[in-house]
Amino acid sequence: MNPELLTPGGANVRAVHDAFHGDLLEVSMGPHHPSTHGVFRMIVTLDGERIVKLKPVFGYLHRNHEKLGETVSYLGSMPYTDRLDYLSAMTNNWAYAIAVEKLAGQPVPERAEYVRVILAELTRLLNHTCLAGFLMQDCGCSGTPLMYAFREREKILDLFESLSGSRMMCNYQRFGGCRVDPTPAWVDATRTLVGNYGAFLDEFEALLTGNEIIMARTQGVGVLSAALAINAGVTGPMLRATGVASDLRKSDAYGVYPRFQFRVPLGAHGDVYDRYMVRVLEMRESIRILEQALAGLPGGPIMDPKAKLRGFRPKAGEAYGRIEGPKGEIGFYLVSDGGPNPLRYRVRPPSFINLTVLEDMCLGQTVADAVIILGSVDIVLGEVDR
Amino acid sequence: MESIEQIRDRLLARFPGAQLAVVANPGPAAQHGLLLDHEHAAAIALFLRDDPVLRLDQCTNVTGIDWPEKEIVETVKSSVPDPAGGPAKIVETKTKRLQPGCLEVVYHLYSVQHGHGPVILRLRTGNRTDAVSVPSLTPVWRACEFQEREVFDLFGVTFAGHPDLRRILMWDGFKDFPMRKDYVEPDDYEWEPTPHGAVLEKAKVHYPAPAPAAPAPTAVPPPAAG
Amino acid sequence: MLGSGLLQGLAVTAKNFVGSFHDPARYTTVEYPEVKPALPEAYRNFPFLVSENATDPMGTLRCVACQICEKECPPQCIYIEKSKDKKPDAAGKPQIYPAIFAIDTSVCMSCQICVEVCPFDAIKMDQVFEIATTTRFEALLLNREQLAKPNSYYHGIHPTEAAEVDARLAADRKAAEEKAQAAAAAKAAAAAAAAAKAASPAPKAPDESRRSPQGEGGPPTPKPQSERGAVS
Amino acid sequence: MSDAPTPPPSPAHQPASLPAITDAERAELRRHGILLTSLQELYTWGNSHSVWPLNFGLACCAIEMIAASMAKFDIARFGSEVFRPSPRQADLLIVSGTVTKKMAPQVVRLWNQMPEPKYCIAMGACAISGGPFKQGYNVLKGIDRFIPVDIYIPGCPPRPEALLHGLVQLQEKIKGFTIKGPDAPRHLQKADAGEYPVPEFGARDLEPPHNPAVWSAPTLVRAEKS
């Protein structure tokens, strides 16, 4: 690996700058900018229309999540995790629950594991659908794909709401299981949704995937190499779009994922189009997992009977638990001193770390491409800034 | 994957002068850490990344931990033989010891290629005030770039060799390190209708001086007792 | 052929456009202010206090001011002051009651943890969401009188959960009565014995042990997990 | 009084202070097919049904705001579907999410850039008071510390229907305005500055931490816990 590539402001900057010999213009995009998915800010240095330097600025949504996590109890942090990546509350819940269960050595009943898989895959569908909509919005397809995405999102949210009581902030997982047991009616409704989702994806793909304008706009844009992606800690669909077969559902084999048949879609070029395609293909695999999980959903308790709700004090120690969230590896690192709240509560935010390579992907591209490259990273500011 | 002791032994064979210590994790997770010295940290990290057996090519998580100074009371029980020949007396001697505080940076390493991990590296600063520097591992793993900046911003650890060490989440002129345990947040409490604990203490500062006889002013009508 | 992807996409939008006039699956708009949304039973917004009796809500609050929810509430939006005196509850037993019970809905994040930790089923989640106001301080701090809603209202919004709660409370009450009867019988026996042997202390009523924790102690009878609302 | 063929405002939307004609008389006239309106009614009617929001999302609530503008909830039914990316073209600032101290100056700046008449909705607990993140070091305890808020929508996050309800409340409020007099909206009153001071980043907090001209909290004294 070329070490210069790994240093920010390395070889790439000079190469582009020398080739154009232009006067440089510094543009601040954000924190209020329609394309930055929230309050993200980039300071972009432009040579004509080409980007020669891009410095992300964070912190506009830094709401001291980790500090609060150290002042409230272990249970009390669960609703806060909903608000990290607010498009995929269920996977945040699960990642936190897994970390605490590791910390306390808490077993989880089988039914709860299945329900967690079902909810995590529904979240993946929800997140990837919305991301495709937002990405197309950034490409300039104003409205239509996002409208379709949100139409489907509402259907999944109805399921979440009827199960957990809230559309977005589910607060559903508990240490040692789940909060409420899904009724047969809920399982049937989920089965119907999963059965219909393939048809929606066909329609969505007919709208977008073959579209010549989208291909021209996204192919070959924002190319990321596999070596840099691994070294920079990039995870999730972004890493797989570069062709690296890395999926925690396979490699960590957490929960009951080893029982399901599914493939890990990989990209070949590591560009924006690959990142979009990997997500679409992942949704198809999620539907397969959902069908298997719904068919095999066992009976039994949803909570471990020995699990404690109040006065939960794990023994001194530490644990890092991680799962494959829709945006990449979401992990929680907890240090306990035996007290009612953690001594250290750390979130490993996938989209924050995926942004490490934003500058590398944008160098040499036009400023309009920076918008879709950022869109293809799939950031949610609640998680980036915490 | 090799156990942490095996990795330590291999590292000691490769870097004879290195000071390595296994930090045991007593919890059920049993994810033990390896405490590195500053001098060899970067070389060891590079070795762990490129070693064909371990191939820890991804540093997923970097975080800081604040360990404030702690007073530890140690109780030593010793039996003093009774000179009169009776049963030995048990005497407890309590010694107070000040455990110095430090800031710790924790790195979680995984291998994408082999699919194993985590190997946990730890670096500690000398104290919490002036010797707060540790070597940066950003030249080894780009993933550390933003995360080390975050540790610098929130904990005040400076990373020697970091290419772009600035505040990342707070604004540039900010003076404090908010994730430290002794951080005192600015006093902007004025309307706290449901305070308890620390919030009540902070809100009390803004309460008007109690009038001698009149009832305390309230914003909402006090609920009728009954 | 170049442009076939575009045409295919246009066909999709055309299908959706035409479909929105006759296909219910493609016409998704809710007519909100005119048609109220059908909220699922599990939907939660802000907490309310359950009172047994609609005519005397303050007198029959289930809440005994144990302050567990206040401690567990992650954003600390609950404030309780215990009463100095005791008042009879719905079963006629003298209980401490909350002299002040305030919830700051401008802070509450509807996480339902207060409901989960309450050992007395006294606090439950409401479903009213049309609460936009023009003032912050007065309108969004709810006090005891505004929070108290009768059990019948609870049955109206969460029927399955409320039925379970009522069944559990009735079972508890029955068990407590049986225990009290047994204790009374034991007391009578003890009194007979005490006639011979003076000054024997009367046994404490077992019901007291269930309703007594104030403050530091844990909940006396944690609800079994299986009984925790299985609502969907 | 001028006659104009506008849709008659429903009785619930009548402004409070109309000296010349009573509601009963108006209803009687309407029964005979005569529509009466005033310049004031026209003004507020037009104003209230074309409230264009700023395309500005902060956090979780922004997703629900987007959901409200999508097919299912369709904010276009209320005349507010035109989300403007530029503050110069917007009438309504929906503060949808947590306002951090780092973001607060930009929010005030956006508010200053909006032309009159402009309105502000604080959507969700965080925008109202800091919400669940209130006790944090980088969270502004309510956007009303710096800019005037017309409607508060509690909830975390409020349902899209709740946002629509808040919008209807705002429309009611606009319809209650008069062009002159004490009921005139804020921007038509001489005392209103229009521009609000933008806070600066201090060493530990925003300076000033709140704008005393806009915000003052009542004091609610809470007792020490037994």
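Here the chain labels run A, B, C and D in written order, and each chain numbers its own residues starting at 1.
Keep in mind that, in the parts below, a contact is a pair of C-beta atoms (placed from the backbone, for glycine too) under 8 Å apart; a residue touches a chain by one contact, two chains touch by 3 or more.
Everything numeric here is computed off the predicted structure, so don't read it as measured data.
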item: Partner chains shared by chain A and chain C (touch criterion as defined above); value: B, D
item: Winner on C-beta contact pairs when B-C is weighed against A-B; value: A-B
item: Chain closest to the middle [Cα centroid of all protein chains]; value: A
item: Centre distance in Å when chain B and chain C are each reduced to the mean of their C-alpha atoms; value: 39
item: CA centroid of chain A to CA centroid of chain B, Å; value: 27
item: For chain A paired with chain D, centre-to-centre distance based on mean C-alpha positions, whole Å; value: 33
item: Distance from the mean Cα position of chain D to that of chain B, given in whole angstrom; value: 44
item: Chain B residues counted as touching two or more neighbouring chains; value: 169-171, 178, 191, 193-196, 199, 219-220
item: Chain D residues counted as touching two or more neighbouring chains; value: 71-72, 102, 129, 132-133, 135-138, 156, 159, 217-218, 222
item: In chain A, residues with contacts to at least two other chains; value: 59, 62, 64, 67, 79-80, 83, 151, 154, 169, 385
item: Contact graph of the chains (line, ring, star, complete, other); value: complete
item: Residue numbers on chain A that touch chain C, as the complex places them; value: 72-73, 75-80, 83, 144, 148, 151, 154, 158, 161-166, 169, 171, 177, 179-183, 185-186, 203, 206-213, 215, 301-303, 305, 307, 309-311
item: Footprint of chain A on chain B - complex, ascending; value: 25-29, 31, 57-61, 63, 65-66, 106, 108, 112, 115, 118, 120, 139, 141-147, 154, 163-164, 167-171, 178-179
item: Chain A partner contacts - residues on chain D that touch it in the complex; value: 55-60, 62-64, 66-67, 70-72, 85, 97-98, 100, 102-103, 106, 110, 126, 132-133, 135-139, 156-157, 159
item: Partner chain B, residues of chain C touching it in the complex; value: 58, 70-71, 76-79, 83, 99-104, 107, 137-138, 141, 143-145
item: Residues on chain D engaged by chain C in the complex (per definition of touch); value: 71-74, 77, 122, 125, 128-135, 142, 144, 149-156, 158-159, 161-162, 164-166, 168-169, 173, 217-218, 222-223, 226
